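Multiple structures are listed underneath, in structure tokens.
Each of the two complexes below includes chain A, the first together with chain B, the second together with chain C.
Coming up: the complex of A and B.
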């Protein structure tokens, strides 16, 4: 009796979250084979391994297939409006610095309608992990060209092929002042995706991960060349960076040691053609964070909110002659 | 003294003529010659309020913190470390040379000079390293050196920090009362005839109404509905009166709600250089204090509508200073009185004790510059070593005052006590030795003040009546070197005549301190090695066993001359006697602090005797057998990283490259018993026999990343095997 009592207590105290604790009741509605599933899993794995309490975790998104992710996470979520995931996340972070904030955006979400927010979020460098699910297309609205669509891609808005060269989210991000963490992952090497996400989570400041994500529905063969030919994937490693398990190392032999403080090389890698670099391109833990610079002196607890409100109310509380006597006595 | 790092400047014994005594210093000072080059507790930054909990922080520690955060570990950060340390040395030299300013400004100047001298272009490596380091500078404040001004600067800084905190608390309370009282008056005014008048209504609508509204008529309508329950006139008067007193208080600068008071006087000055001035000011300001305290009390009653004239009027009519509570006094600023022994007339020092004794809210600083005093009596000054070391000890007798005594060199280490003294709600005395003794030449105040503590001439201590009821909790002597010893001992390295390195442990005593002082040098004479005799004895040893047989002239301390040559400095009997008195005083302080307490020692001796007797008895009995030696623990072998067996369908078993699975659910939807997810949500084949070969092949075809390898069919009777084996071929 006593033993089982104390065991119960122990279990109540030592919460041990499993992956299933981060899975919501809603089953993902992504098309079969969609790369978004791998990203969701990597995120749930991270939460489990870091034992993030679901009530202290929040994922914020805009609109799009990718942006459905918060529905599938058993944590706080904010399915926002198109392009506005970042400002919402910043608002959350500045008032609730205790929460772990993850932001999920599609390439349309981040790089077209939300582009202004994207640049300034990089510059503000607030503590959060940002995932750009880049499938090179507007998926949810059924195939329109996005800023990252390849030149010549035929879509509902570009029936004769996309006119312009695509925008490179990596070089753009690396070019913004105060950038502090930029990485690239691909959904089809989930272990590296997970490791990169973990490094991003531990980074102080805004960590930006562009994840190349397969959309079998509208961009069926877009990444086939790279999925099928591991030698076209260049894995970036460094001292405390990615570690390839032996079985993966045998598949992905094309590896490069890259110092993540080397911005020049990071820019060159980001602009690489033909090969896809995977890993941390740039990381600088010493960039100031807006949320730290502007941190409030007191954490915003419910008790504090109540006290402050009451103080304000008390200022306008007027006690006409005799009223207090009635109230108080 | 421990703060300064060792510099390689050994004293040495060389043939030399007897040195002129006037240039002698204690041998242990050899390390602290060029203080500007040594990292020590000065320059000291008087940290601005609101930047962490620190009042004071040595520049060297700030730099260490910055380097820890900014410079990469190992060789990568070495360049930055060197550059920032050079910057620190430059600031230290500037401050020692008399430059004053805030840390950020001194940093900027020093960095600019360094970049300029290096000839490097702006934004070069030096510039950017210094700039990167500066970003980690998260505090700022005035930077001070250790000199005659230090005690007053530090105490004033701590006092100001305390007054600022008080001002914030004061404003918060007073402002809230002002707002609430004015709201009462405002809401009453809204019921007035005036507020309902045509003019008031028109002005509320703005200019553009151009006659389309008849405000007289409107006013008439409103006037009929005007509420009648106005505040009683005497209450309005009382509130107005209290409001004015709160808004025009002369104690702290105005807050937001009282900025506009036209009659506002300049806030009172609370810093004084004489006790009489402070007491006079206290008396002159008493009516204001009473007026304000009354207004506060009335206001607090009024905002809650609890003022009952029949009850309260008579109380306030006879309210005087005897009604002031400690809490009410504590709301107002406390005075700081800075006195300087030897400069302030001695009657003023005596008055300070009186003022402290009567419990007024005052903070008194007595700065001491000369500890030993003249060698001949000059009443009322103490002479021959008795100096002013007893000022603080005397104040401890007052019982209700906080007492703090420290040498300038140790102010940073006593920083917490300093703050406690400021926060203490009662009188506080700070007795600080500056180290700037006019009759000591050629020794930096930092070194001399540290030496005073080492020599037990000016021990650091605090007496905090708020810390507890007994002496053990109130009296703290712990911030002294080698507390349990009579004199602290240090290692002296020197070279002998042959240039061989020698090392000796020597005590630092009162006599060492005294030989620095020009006035006392006529009581010593230096003897080079030729004259050393076995009859000579180090003063500390001599003091430990004042054997009558020893000739007193043979007592010496080790000294060095400006060329670092070592001498024995034989000291006069008068110095030895003064040293004995000093030692005596130190022992009494130790007793107060509970170290070597004579009562306890007596008890202890009795206890030890009893225990030894018991042990002797126990020895007679046989010892129990020893337990066998425990076997050495088996060293835990590190787990051998198992190289994963080379996977493959060599034996025809189906498999998945699990690490590459993207969790797309495709295969698990085909057959969830055959394909399962592991703890990382990546698929593996849980049971190849839970389904058909067809399912395996279809899953392999459906897998977007082609990582399912179906292997060989396991059931030879499955239909259409030939076709399936062909389809499985690309996934082998």
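Coming up: the complex of A and C.
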């Protein structure tokens, strides 16, 4: 066998990843019927279809039910602290453009304790795919109202009903400068979830997907109206956007051709009452990315460090002959 | 080491050079009084340039071979009201014929642009009795009679109090050269000071050219004219002529403040990412780093908050690029949860805390050594991390290099404590010679052996090899939850304790490599002073003075606060009494409510007492000011019962 042939074969071996190559040895411990499972499956399918090397894939999360996801992926995972998944992911990406970075957060993680990071991450627009698992409730801490809980929702901290209107993660995200990709998916239409995730992965910049996700334990009937009545789901399509398989198209007839560069319409769709839009609300591939703007122009070599240090020392140097190389303060 | 002050004087006198040349000759036959050292303060309203004047004086003095130490006098507000006591802005310069390691005691000479800023220094007790005061006298003729009266009142009081006052028509003299003397008076004053201290005229002009290097030639010329005018005026009119005979510089030096040294230390350490959030007095380190870091392909990320700065740095470190986050006390508090994550997940991280007065917002621009306990024990749970303190400007530079190495060798968090005193003080130190070993090795991307586990703790050291994203076969999910050797979440009691033990063991392994600094002074005696951080220079100067007066006092300065080097116990037991000297709070013993059961000790004293069961006393101040050698001398004498 020639060297080039064996190389070619090795490459084939290395890149022939199956779904199981992205499944860790730990079985998911989410509740039966939890929407997180559908999201994990979509992630693993994406990795397989894109043949992402597991060692080059990093899944970052905060704290909460959703944030267990990295444990179930056979990839590098970073199960961090509550609310801080985004800055951790930014740090990972800033000097490692070779890594594929996915961020998983719950609604408490993203929209409450980590809200500052959410806004700024959108503004930084670094190359990563961000999944907001939004089940409208705190699950891991056993049913407290979250910032996305509907008004009047009874929970352990709101026994008489949530007093405030929920925060809308879509309109908030769309309102941040440098926003470049905003989509919405639901766990009960896995094919569209997968398609949206794949579009997000291919987007240059930060792609933000809010995924409405059912919590069978604490919010059992939250999305029943929409699950049972497909006409309340508005599917957004466009030329190179989602493709509805014929059987899905027959069920989800409420479709809209939406130009993802149309911010005005995107905001209107994001604010829809009664209907849940599914698809890409906004996409702009021409927004600058912080990781690219801040990429080092020169590699950090010992010779370069020595040169630059000496330049700085010269500015403040005193020499034995009493003079300064350059007089400095 | 020379502990005898008189002997040191004799040495430096022998090394002194004759002052000659156009700028150096004593005027009109006056001979310069030879001094071993002098402390000069230049104060003005904010924006009048006293800081630049003081810094330039220090730079010229340093180039002349003198030892210098400068301290900024900073108002709390960006634009405080004019002519106000609270608005005093400027610089203190301690110049000496020998190396200077601290701010010194009270000022010998003060130049004030108005009488109110002078008052602020007098009220603060920063001016020596009988000191020389050079005061702008334009206020005598101020059209506002209240201002003229206020000026006259202070002038008369100052004179009556025995200060040696010189009223100088700075404004009027500057007007002969420039139409708006408010901008430029500082260079006139610099010229006067160069004349007073017999500093080389050409060196001074070169300094002015450097300061205005980015400005129009006309501005440079105007400022040099003012500089020369100030010199000429002082030579003709002031009966003040000093010379501080400095030995010639024998090896290349660099002059900078502690924050610049920290920033260059970051560059030299091979770290590539600094994530920070603006906070006084740490920010200037990041400012300077921002201007240099990109030249070596690295990045300073100004995060959205302190927590993001810490977690961003953790992310970068996790991905193989050991990172640093620079902050001050309130920021350290905010970062504590993230620091705990780095401890738990064993991610290397360097945290620099430029301490200021606390708690809460406290004294943002002023010094305090108040964060030691927060650095060591601040987070929840058992979170062993390394805490070291920089004791000089030079030490700021090298501490960062050491910290990065320890962080990556042990996969630990290393906190470097500096403070506002070091941050803004300038001092010359030997120019570092670059060493490629300072830098970090390239990111490991080699395949991980099939049977290797992400937390395969070494039995002797507790260290586990860290797998970095990109390494084939190394995939695992890092977590802040309790975990086993596979990084799997584990709530099992044995596994939890295994993790605790190994994280703690790393600290012990590091501890066995530490060496205690030598005792300053004799190895035994009546009183041992122990300090840490920026107080080193002041403590050692105090010890020198005490020993020169025959007192059996020595000092020990700790670089590592967690873990501490072996041998401290043995040193302490060779002295009759042990007392820490710290720039932080401790309860006064003479307070009616305070006694043995409730007295709160300074940080280091508490630690030394608890570890070695030695009755360590403490003396400290939390006035927001650097400790002065004279105050430490008094405290030591009191402890010896000789006050």
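The rule is short, and it goes like this: the second predicted complex is superposed on the first by the 282 of 329 C-alpha atoms of A that agree within 3 Å, B and C clash if a C-alpha of one lies under 4 Å from a C-alpha of the other, contacts with A are read in each partner's own complex, and residues count from 1 in each chain.
Simple rule for what comes next: contacts are C-beta pairs under 8 Å (C-beta built on N, C-alpha and C of every residue); 3 or more make two chains touch, one makes a residue touch a chain.
Model, not experiment: these values are computed from the prediction.
In the superposition on chain A, contact of A:33 is made with chain B only, not with chain C. In the superposition on chain A, contact is made by A:216 with chain B only, not with chain C. By the touch criterion defined above, A:234 lies against neither chain B nor chain C after alignment on the C-alpha atoms of chain A. Judged by the number of chain A residues each one touches, C leads among chain B and chain C.
When both complexes are overlaid on chain A, the residue A:316 reaches chain B and chain C alike. Legend: residue contacts after superposition of the two complexes on their common chain; A:117 is shown touching chain C, with no touch to chain B.
Of the two partner chains placed around the shared chain by superposition, neither chain B nor chain C is touched by A:283. In the superposition on chain A, A:245 makes contact with chain B only, not with chain C.
Counting contacts as defined above, chain A residues 311, 316-320, 322-324 meet chain B in one complex and chain C in the other.
Interface residues of chain C facing chain A in the complex, by the touch rule stated above, are 52, 55-56, 59, 62-65, 203, 206-207, 209-211, 248-256, 260, 264, 267-268, 270, 272-273, 275, 292, 294-299, 301, 303-305, 307-309, 311-321, 323, 337-338, 341, 426, 428, 431-432, 434, 436, 439, 467, 469-481, 488-489. Interface residues of chain A, counted against chain B in their complex, comprise 18-19, 28, 32-35, 37-38, 40-41, 44-45, 187-191, 194, 214, 216, 227-228, 245-248, 251, 286, 288, 311, 314-325.
On chain B, the positions that touch chain A within their shared complex are 70, 132, 135, 176, 179-180, 183-184, 187, 229, 231-232, 235, 303-306, 643-644, 647, 657, 659-666, 669, 679-682, 702, 704-706.
Contact residues of chain A toward chain C in the complex are 24, 26, 53-56, 58-60, 70-71, 73-81, 84, 86-96, 98-99, 116-117, 119-120, 294, 296-300, 302, 304-306, 308-313, 316-320, 322-324, 326-329.
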